[in-house]
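Structures are listed in the sections that come next.
Shared between the two complexes below is chain A, which has chain B as its partner in the first and chain C in the second.
For the complex of A and B:
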């Protein structure tokens, strides 16, 4: 037996489904089905087809759900475990739902569920979906507490939207001014879902799997015009050591001195999506970075203290084409020349031969690049590597991808006695004219080499550029289009999309909007808060923020309250009363005294006629019409004509007073 | 939930001590019609309201710990909604005008229905109101639209005399159930309860000469000694048609002179009844006489009500009995 009106229950089911929906694609399938069954069952219950199950059904289903979730995640240290637990209880409550209080509790829990949406997705679309869900939740509460027994129609939704519109100004005020605090404690819970992105080592085949993803990596706004796509090398990791056949970051010796003065400095703002590794991409040679918990590695890339879980924003300054005018230390030299013995012997031999044939380091580099240009093929489908992977690639398949070229090139360089290292990162990016930013996606992942040239420092050498220049010149899309069918997955759909003109434009606009959202809303942290507020109040200190927030909040609250409280007092006057009041306001001098003493309008007119005949004639017209309408109920006198004569009278009086004063 | 048990309401009841009542009397003085405004509306969050704030704080902490801007935004939105809920709940009561329409009378031990008119002076629709009377069942859920509503309250007086109906509690949690707004309203209206009728036909038969309110048989037209002008409340059956026709105005027969002795209902005549029932006996006789349309007078230990008839007389007599002040009665 339900003690709640049916419309309220239907509202409840609708809003609950809406709150569950964003988790639908993420939660385990059995749970999705379970939630669906419970909601459908409750719907049948509301319609009177089935009855409330016994208490044991509810208890059993809760235990079953707990058990299955435990089996699914195996550990309570994952966020998803707790979120799914919450969602399960949120749904299972329907099995024992009887009273108004139960409905109210479920609806309050909805707000907590709304919070979990934002743990997984902070996009604008998600926010719109979640907030619409909450409007439904509030509408449910209205329907529950209404004493009306008929169907309420859309009335609750209207009232709830109205309440939301009133709450939003307070939301905005608090969002802007509320001081952003640092975390109270570190959360031991990790997100279990895999993030696509670079890993911290380079095994042949790693990047290849990455280029099939069209997931967003990061977006960059440049202070000035963005550099050309071919110059955009986003260094993320510097891999200096070889371990178990792959390139790893390792622990190379500290460079002797800092980077020399760069020829050109460029400022930009980088908004990174969650990453797999605690490294943030940066352009060329990073000079400074501002942002939460990041530091500059001496090797010239940006480390983050932890793996990024959310979208994060950084202000960066980079030097283009810097010159490192110093020598490598002995330790450095040894580290960047080290090669594991007895692996890839052919490549090692090739390097040694190169060193014998060419004296100048430049000549050795050019010789290898020329060899690549002549004999190698750039392909997205290089096939599996076997045994000594570098030898296999260099002397058997000769078909490879950027990672093959970078890894083998660095190997040969070291074998030829030139200090070299592999750099992992992204290359290029798509310029979005709607938002004036560069967008880098996972398929832009790239690997290249840096070699030490005496007197010049670390020089970037991208062997891929020699094999497949179009990859560097025009980006991944161009090279992929040339290799029809080789690129699979989402990235391919993304490039197919480009051929649909208007749709692509629309997509660009939406992406620009989403970027704006990420920059302005999602990334609104303490630094940005200060940056924004100091543009208005240049002297603002961090400590002033709390009182400022309070003051702004109270101001907002005051405005809303006055709007509420004042309205019952501001009783609406009838049209007749307003006419009369307007007339009285026109009076002055003796006529006003008369009317305040309680004399009628007729007496007042008389006085007026004596003192100021010209104006009285005008007033007379109004009074005549007013009386005809009010006392003789003459329907031929239109209300608007009365208002008009009153207006004419008032304008005329105002004009007379003005001219008289002069 | 254990902490939400009824104990709290009992404690709250105790808390409303005399002092609080006198403060309330000053704050919300008795009146004929009461307009609800910020002066007489009280508002506090409900349990759900406190739960809402708790969830708000949890979300804010989660937002800070995860450095999640949108969780911050959600918490702020909830705070905004909470305050808007307060204002809207207040607004749902504010502007209501309550008035008691009809004065109420009734007998002790008999159910009396008191009607209150509830109207919105702002012309708004108010929903989800409920109406409490001290120690009585809740009048659940009613709404007030632009035309107003009448709400009824049944009460059973236990003693004769004036009864103040006590404060009425009008409350609402509408629209969101996050706040409870209420007002204790004290109407300047009173309920008059008459003593409960006690059948005493045996007394009439025994002391017919003294007590017997005249019977129709003894009131033949021939006995009419006088006629007087018709007054409101006179029984139509007593109209003296012949005299009326002659004088061209309505005249009624007056039996006063002849039947005065037997028409007087006297308290002394009730001596045989127990103290508590004496007034009730008189009520019974008054009711019986009024039903027959007889004229009667009332003599309460010397306080006399002259002989007359009709509903006016009946009410006046009952009122005197209700308010008769005598030691032991």
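For the complex of A and C:
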């Protein structure tokens, strides 16, 4: 039999389910089913169809759950393991739930569960879901502690919402001013494999599978007007070496510092979604970058020194169309010309022939591009590659995707004696007029080449632009629509959306809102905080921030404490009430659970005598004096003597409990 | 405690088995000088309790069985023209007794009900411009069937207010019922019961009740109960000032029955449901058990000491 009123229990199940729901799609299937069974079972128990399972069932299911979790993750060194453990215990508690205290415990645990939501999703939608869950949790706590059956309808929810709204100003103040501390420790999330995105090597077919995804890659706000879509080449990483038939980053020699001033400088802010690889896209020649744990690679792309698990923000400055006047060193030249022997012999021969026929490097480049333009087809459905994949593509199928063109072009260039490398990244992006930003999704992934031209430096050559100019001019959506290749999956759905008019507009608005959320809320880190606060106090230093905030926090705490103790608005307790409270606080938990505000001293004494007769006996003198003074108006019992007996009672009780424990 | 009160209680307990609480509440109601309404399904010992009280207290008692056709004059009495004296002579009705047992009061017509209740209020009967005072002490012990039984005229709230307490007898415990079944002939036991005190003694006890001390802490508590009842979500209508006075009087009587000359919060709580259940209007339309439950909830919410 449960000792809690049924409406309160229903509130509890509802809020618990709401707190579990965001994890539903992530947690292992068996656990999802297990949680569902336990919740359904408890619901049946509340309705009186089944009874509390025996202790052994609860213990057995907990051990079973632990075992399965261990099997699932293999090691406790991932956050998911601990989160799922928490969620499992949070649910399994229902198997032994009897008293009000159990319900309160589960609900307090909900606050921890709420925190785990943000480990996996920091979006605005998630925040709304989590906060509504917390309001439900508070409503449950109110319902549990309300003794009246009459007030269990919508009343707790109303009260909880009201309390929540009252807390919102405090939430805003704490959000803005509380010091952002970096975590003391981290456990890696296992989700790296689940994130779609570029990998750090290029095998033919990689990008092709990537463009099926409509997952968001990053969003960019430009300080000035954004460049045209065809000029947006988001360099993410540079592949310089060939290994096992694919292009990899490798370890090319360190280039001499680039001199050469870029013709045009552009400032932008990039908000990156979680990435598989620790590289952050940037435009053309990256000049500077500000953000958490980033560094500039000498090859001209941005590396992150930590795993990109969350949305991260970067302030960037790039030079467009830079000109490098520096020579390649010998080592560099050798590295960028290196080709593995005996693979793709036809392509190597083609390159060699090209070098003989055309003297000028430009002519060699143009010749290959012209060949591509005449004889090749851009397709999303290039078919499987066989044997020497580049030879197969160049001389048999001649149907390919950007990766085929970039890889084969770079190969031929090297064979023809021109230093060349493959660049992986994204091309283009969709402009969102509601939020005035450019949004790049995974289907914008692209590969192109860079060749070294003496006197000019690394020149970007995108062979795809010659084969399928619409891909570059109008973006992936337009090219996909007119292409024979089959685009399937979510990316296709996404492009279909565009024809839906107002629905698409609505989606744009929502995306803009979500972008704003990412920029303003999720990315409100130490740097942002400082930037914001310095607009108010220009002299503020980062070092001042923590002590200042700490001082403000302590001050606030002090004010609240003083307010509680000395507020003129607070109802002062009478001397009698203080005695009464003091006495009630002497009772141990078991007895105190059974008495309410309406229980007089005599009733408390009765309950106490039933649970702890020895302890209750100690209180007799206090009870006598208290009743004499309060109810018999015996003025000979002076207040100080009552206070004294209460004190003696407390000391003797403490001593009794202490010695008993031993 | 006063030994004769003790013996009265013991006498009552031998007749009404396993109902110590109800018996004490009923006696408290009489000691506080208030009328008593006993409410329950037929056969739970309502009438037996009323009769037993009359016998044990040694009061002169009469019983009226109310039905639809009972007229006001059947209660109060009527004037009859006496030819020999050429004058009207007043024949007092059954109400002229120290304890009137009004059985199934809610089966009578409203007109008859109000005649009785008027007499209860005035402690007198007026007939043809002459006021005949009722004897002292004067108690009405009324019984009524639950409201929803057929053929009943529910008493209006203003008249319910005349009763100090409402009691539910409830079924006896299994042990008590077994004794009841084996011993049998309760009615005879009642008739054989000797009086254990006198009317004068009873009046003396009533004076004792009035002398029971009420400390300011208790007055505060009663005040809190009354005021909070007016704002509580469960009640559509809270307690009236008269309700507060009734609560105080009943608490005093209860304290005396506990052998004390001062009131404690437990006394107030013990009589609260009996005194207040017919004075509060509930928001929900639950059965009686549900209403008692919400009264209990209410008591649990109000601070005993503040």
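Everything below uses one rule, namely that the second predicted complex is superposed on the first by the 532 of 662 C-alpha atoms of A that agree within 3 Å, B and C clash if a C-alpha of one lies under 4 Å from a C-alpha of the other, contacts with A are read in each partner's own complex, and residues count from 1 in each chain.
Following the convention adopted for this analysis, a contact is a pair of C-beta atoms (placed from the backbone, for glycine too) under 8 Å apart; a residue touches a chain by one contact, two chains touch by 3 or more.
The shown structure was predicted, so the numbers you read here are calculated from the model rather than taken from an experiment.
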Chain B versus chain C as contact partner of A:580, first or second or both or neither: second
Which of chain B and chain C A:144 touches, first, second, both or neither: first
First, second, both or neither for A:627, with chain B first and chain C second: second
Touched partner set for A:603, first chain B, second chain C, both or neither: second
Chain A: partner with more touched residues, chain B or chain C: B
Contact residues of chain A, present in both the chain B and the chain C interface: 147-148
Of chain C, residues touching chain A in the complex: 213, 215-218, 233-234, 262-266, 269, 283-284, 293-294, 297-306
Chain A-facing residues of chain B, complex: 37-38, 48, 51-52, 55-56, 58-59, 61-74, 76-81, 83-85, 87-88, 90-91, 94-95, 121-123, 127-130, 140-143, 173-178
Contacting residues of chain A [partner chain C, same complex]: 147-151, 573-574, 576-577, 579-580, 596-603, 627, 630-633
In the complex, chain A residues that touch chain B: 100-101, 104-105, 108-109, 111-112, 114-115, 118-119, 122, 127, 130-131, 134, 138, 141-142, 144-148, 159, 163-164, 166-171, 174-175, 178, 180-187, 292, 309-310, 521-525, 557, 560-561, 564-565, 567-568, 571-572
